[in-house]
Amino acid sequence: MSQLLQATQPAKRPSALADRSTPFIFNCWYMAGFAGEIGRTLLARTILGRPLVLYRTEAGKPVALDDRCLHRSFPLSKSLLDGDTIVCGYHGMRYDCRGRCLEVPSQKHTPQGLGVRSYQTVERGPLVWIWMGDEAGDESLIPDIDDWTANAAWIGSRGYIPLKASYIALHENLLDLSHLSYLHRNSFGTPDYAKASFRVETDEDNGRFALLRDVVPTRLPPIWAKPTGLEGVDAARIVRSEFCGPSLHVVQVAFYGLDFPEDQRPDQMVRTAHLVTPETATSTHYFLYHARNFALDVSGVTEFMHQSLFKAFEEDRDGLEAVEAMIGACGGDVSEVSFTADRANLAMRRYLKRRAEAEAAARSVSTI
Amino acid sequence: MSQLLQATQPAKRPSALADRSTPFIFNCWYMAGFAGEIGRTLLARTILGRPLVLYRTEAGKPVALDDRCLHRSFPLSKSLLDGDTIVCGYHGMRYDCRGRCLEVPSQKHTPQGLGVRSYQTVERGPLVWIWMGDEAGDESLIPDIDDWTANAAWIGSRGYIPLKASYIALHENLLDLSHLSYLHRNSFGTPDYAKASFRVETDEDNGRFALLRDVVPTRLPPIWAKPTGLEGVDAARIVRSEFCGPSLHVVQVAFYGLDFPEDQRPDQMVRTAHLVTPETATSTHYFLYHARNFALDVSGVTEFMHQSLFKAFEEDRDGLEAVEAMIGACGGDVSEVSFTADRANLAMRRYLKRRAEAEAAARSVSTI
Amino acid sequence: MSQLLQATQPAKRPSALADRSTPFIFNCWYMAGFAGEIGRTLLARTILGRPLVLYRTEAGKPVALDDRCLHRSFPLSKSLLDGDTIVCGYHGMRYDCRGRCLEVPSQKHTPQGLGVRSYQTVERGPLVWIWMGDEAGDESLIPDIDDWTANAAWIGSRGYIPLKASYIALHENLLDLSHLSYLHRNSFGTPDYAKASFRVETDEDNGRFALLRDVVPTRLPPIWAKPTGLEGVDAARIVRSEFCGPSLHVVQVAFYGLDFPEDQRPDQMVRTAHLVTPETATSTHYFLYHARNFALDVSGVTEFMHQSLFKAFEEDRDGLEAVEAMIGACGGDVSEVSFTADRANLAMRRYLKRRAEAEAAARSVSTI
């Protein structure tokens, strides 16, 4: 009976967990785009609900500005790039790469102190990071994945998936990979995956939450078995998912054959940086950087792994978008039940909620 | 002048009449689908605003569950049917046909008492009925149309029209058929239809409202004239529309030639069950079951009548959708004027309003 | 710092200026359509948020009625035109050209005093005007452009652009043409346009606001240079934009070669009536009537100028729609900065705001 009533009048989900109604976290470095995306053509991209225009100065520095011209709201991304400045495509207001208005063509005098907001950007290897917070961003907080994204011992590929789902749902997807046995049953999942033992590491102070799962013994799916040479043999698949902050999730998988003595196991690993940039409350820029530290010189491996991986990531996209649509059909606010494997997820969502609320509270104080 | 002011500030429609803002009536048997639609493939269908998944057990029993997995809101309709159970396509939660969660793959222990809501279903001939109310549904309340839908003396056809309009507007359409002369002027209407005499039967206690119209003398349109053999002669068209509850409207038409002596008139009738299942406040699953008790063995009659009838039902669809769009364009809440022929409609809408409000009040009490 | 905070918590725009949230001005003559659009086929058109049906009586008088049948909200525009009356396509209510209900087919007695609202229309040359206000409209207030739209000394062409943008943004676009150097850089703009000197004429009492800009010396773009014979020579381009009321903006341009003595300058002019009819808060019926007083008999000039002009007007459409989309993406309410060239625009918007609010206040009093 209570079950029936609950279905009629669903209880609100516990307020301690972040969800799509939680404010964005602005004081964080997010990936703005791949270095190659940002160039001398104006690029429109909405990040944390704010329409931005991205480009690169003649000297090569990435620039991010509010896309809305302060005069009559024309998109600067549909305007003209002239040297390092943007000339608004409507009435010609000229902005420099710090967003300052340099010229109002219809008058001789340009008012001082006018401009659109500029955002701090930092380029690191193939990635461009952006700081959306109000105060200056500390570059030492930029997620550091250079040791394998800018390292000749690792080779890989990259991709981008526009995702019509909440970034929090994406993090949950990545932190509990038990869904490999189901959502990815036709790609890189195996039936034993969901039942494998796991342990959780939480670092509440630093906001890092990891779930480690040892799938042993297992048979590897072709995507991993072929390049590692572990086809048709009993193997270990040692997985670590780590939420490294609102903008980054790293999944690492190590593989070895069980017939190797413990001290002779080859160090074969893949790592995927899941670079998570909220676009709106229910859509996400999902950037991916994947690399391996083996079979570096074998022809065709990179392409084979890329094709296989992105087939799986598209399964994630389809699944997360189905979830988002279902929540929308249920009115946008649903109650959920969580299980043991969600322990890291729940800690992560409580952390996001606390951090978002603390930030929102600080913002409202500073504007009094 | 008052007319002008009214146009600027339209008066609210009388609150005693049900309309698209009235809560759904849950304590009612609705048609969930045709028996043949519900099988061993998971079917997603939203009823009374609730996303459901429908399927049939291996033994053939129709099952209806909430479509949203209780864990992370994945649609069960996009999941796996395994025997009589559904295995969620995201993390593998397994549900039985009563909605009980049987397995959480990532853990050995399955929490007791968890599940999604299941809904009572009953199969009757070609129809599957569903009870959406919180308390157990009384099967004796299932609309009984077996005497002609499961009766060899009647033969017919069926159809389904997804309708982007309120189910209340559909009932009004059916209860006052004076629109046959206008909306159906090119199909089964005739000019004399709207002006024919009619009488109303209301049974407030049982919520049944009928309008009977005798179109005599008339010339039958081809859809009725051809199979009855009454082409080109003066005939009677005796029509009874009856609202039998929120989910069913039956329209019966009897035909005879006026040259038959009263005691020799053949008993030629058609009946249409208009099975009305609200999907959302402004959309309806419109199922149709049509049958006749004559020309049972004449080749081609069923197909001819089906084609002709569904051409007319599509005129209803187009008209009702135009009305719904107009109301939306006017802000969703409009004032209407009613006429004598709406007497049954007004009684029906007052009844729906009272019943919906009584039910909503009872729900809010039971959850205190 | 204050700039940063402003970006996070944008200040509301000053409330003294009309914008898309300002009520419509009903007491005004708006263009309902070109004379040729309104005929013996029912035409649906939404004006000031109200769905209307437009047609012409057998005697040729334009008629405008509320499109929603008072009975069950069927669109009269999808109904039957029978002589001068409309017969509702659903249940056959018949309305005369004043909106009075003449017949309810299902009953003998037609209630008195029922009807849909009719709107005053006046045909003037190629244009049909409509009065949307509650009180009778004064025909002497119809914008008078007959001296050049119905004058053999002027020849021209016309067009219609459905615009997904606020009518106020369109008026601003027209009153400060400094955007010719930017939005129209590839059509009829020239780089010197934005920097040319200008002066403003405001008549607050009559609600007329003009901006006059002398682009001298200049080189005319092909659209003007070719028909005037001023190709490749220094010329004057003397422009007057005038907001003549919520529904009309007239732009006049005079051209002459600088080598003409002042007393021998030919009187070569173009005029464009920008006929602005709000459809909804964020969409506008944008009618255009363009004419010239020179090269009247030269073959191909009308077609050449029409093609060139409408290419430019489509640039306006694309720009205004980009602005509207940007404002929507920013939540619908943004703060703007204005410059000296906006002086006429700001006066015009303050005037629209005052007039809309005074009208709304009068409406609420008259209905007490």
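First chain written, first letter: the chains are A, B and C, and each begins at residue 1.
As a convention for this text, a contact is a pair of C-beta atoms (placed from the backbone, for glycine too) under 8 Å apart; a residue touches a chain by one contact, two chains touch by 3 or more.
For clarity, every value in this text was computed on a predicted model and none was experimentally measured.
Peer 1: Examine which chains touch each other and state the graph shape they make (line, ring, star, complete, other).
Peer 2: Basically all the chains touch each other, so complete.
Peer 1: For the homomeric pair chain A and chain C, should the interface be classed as same or different, according to whether the shared residue numbers exceed half of all numbers used?
Peer 2: At the contact between chain A and chain C, which are copies of one sequence, the residues are largely different (under half shared).
Peer 1: Could you grab the centroid distance between chain A and chain C? Build each centroid from C-alpha atoms only and quote it in angstrom.
Peer 2: The separation of the two C-alpha centroids amounts to 46 Å.
Peer 1: Find every residue in chain A that makes contact with two or more other chains and list them.
Peer 2: none
Peer 1: Can you list the chain C residues touching chain A in their complex?
Peer 2: 3-5, 7-9, 169, 172, 176, 178-179, 181-183, 194-195, 198, 319, 322-323, 325-327, 329-330, 334, 336-341
Peer 1: Of all residues in chain B, which touch chain A in the complex?
Peer 2: Chain B reaches chain A through residues 26, 46, 51, 66-68, 70-75, 78, 80, 87-92, 104-107, 111, 113-117, 134-135, 363, 366-367.
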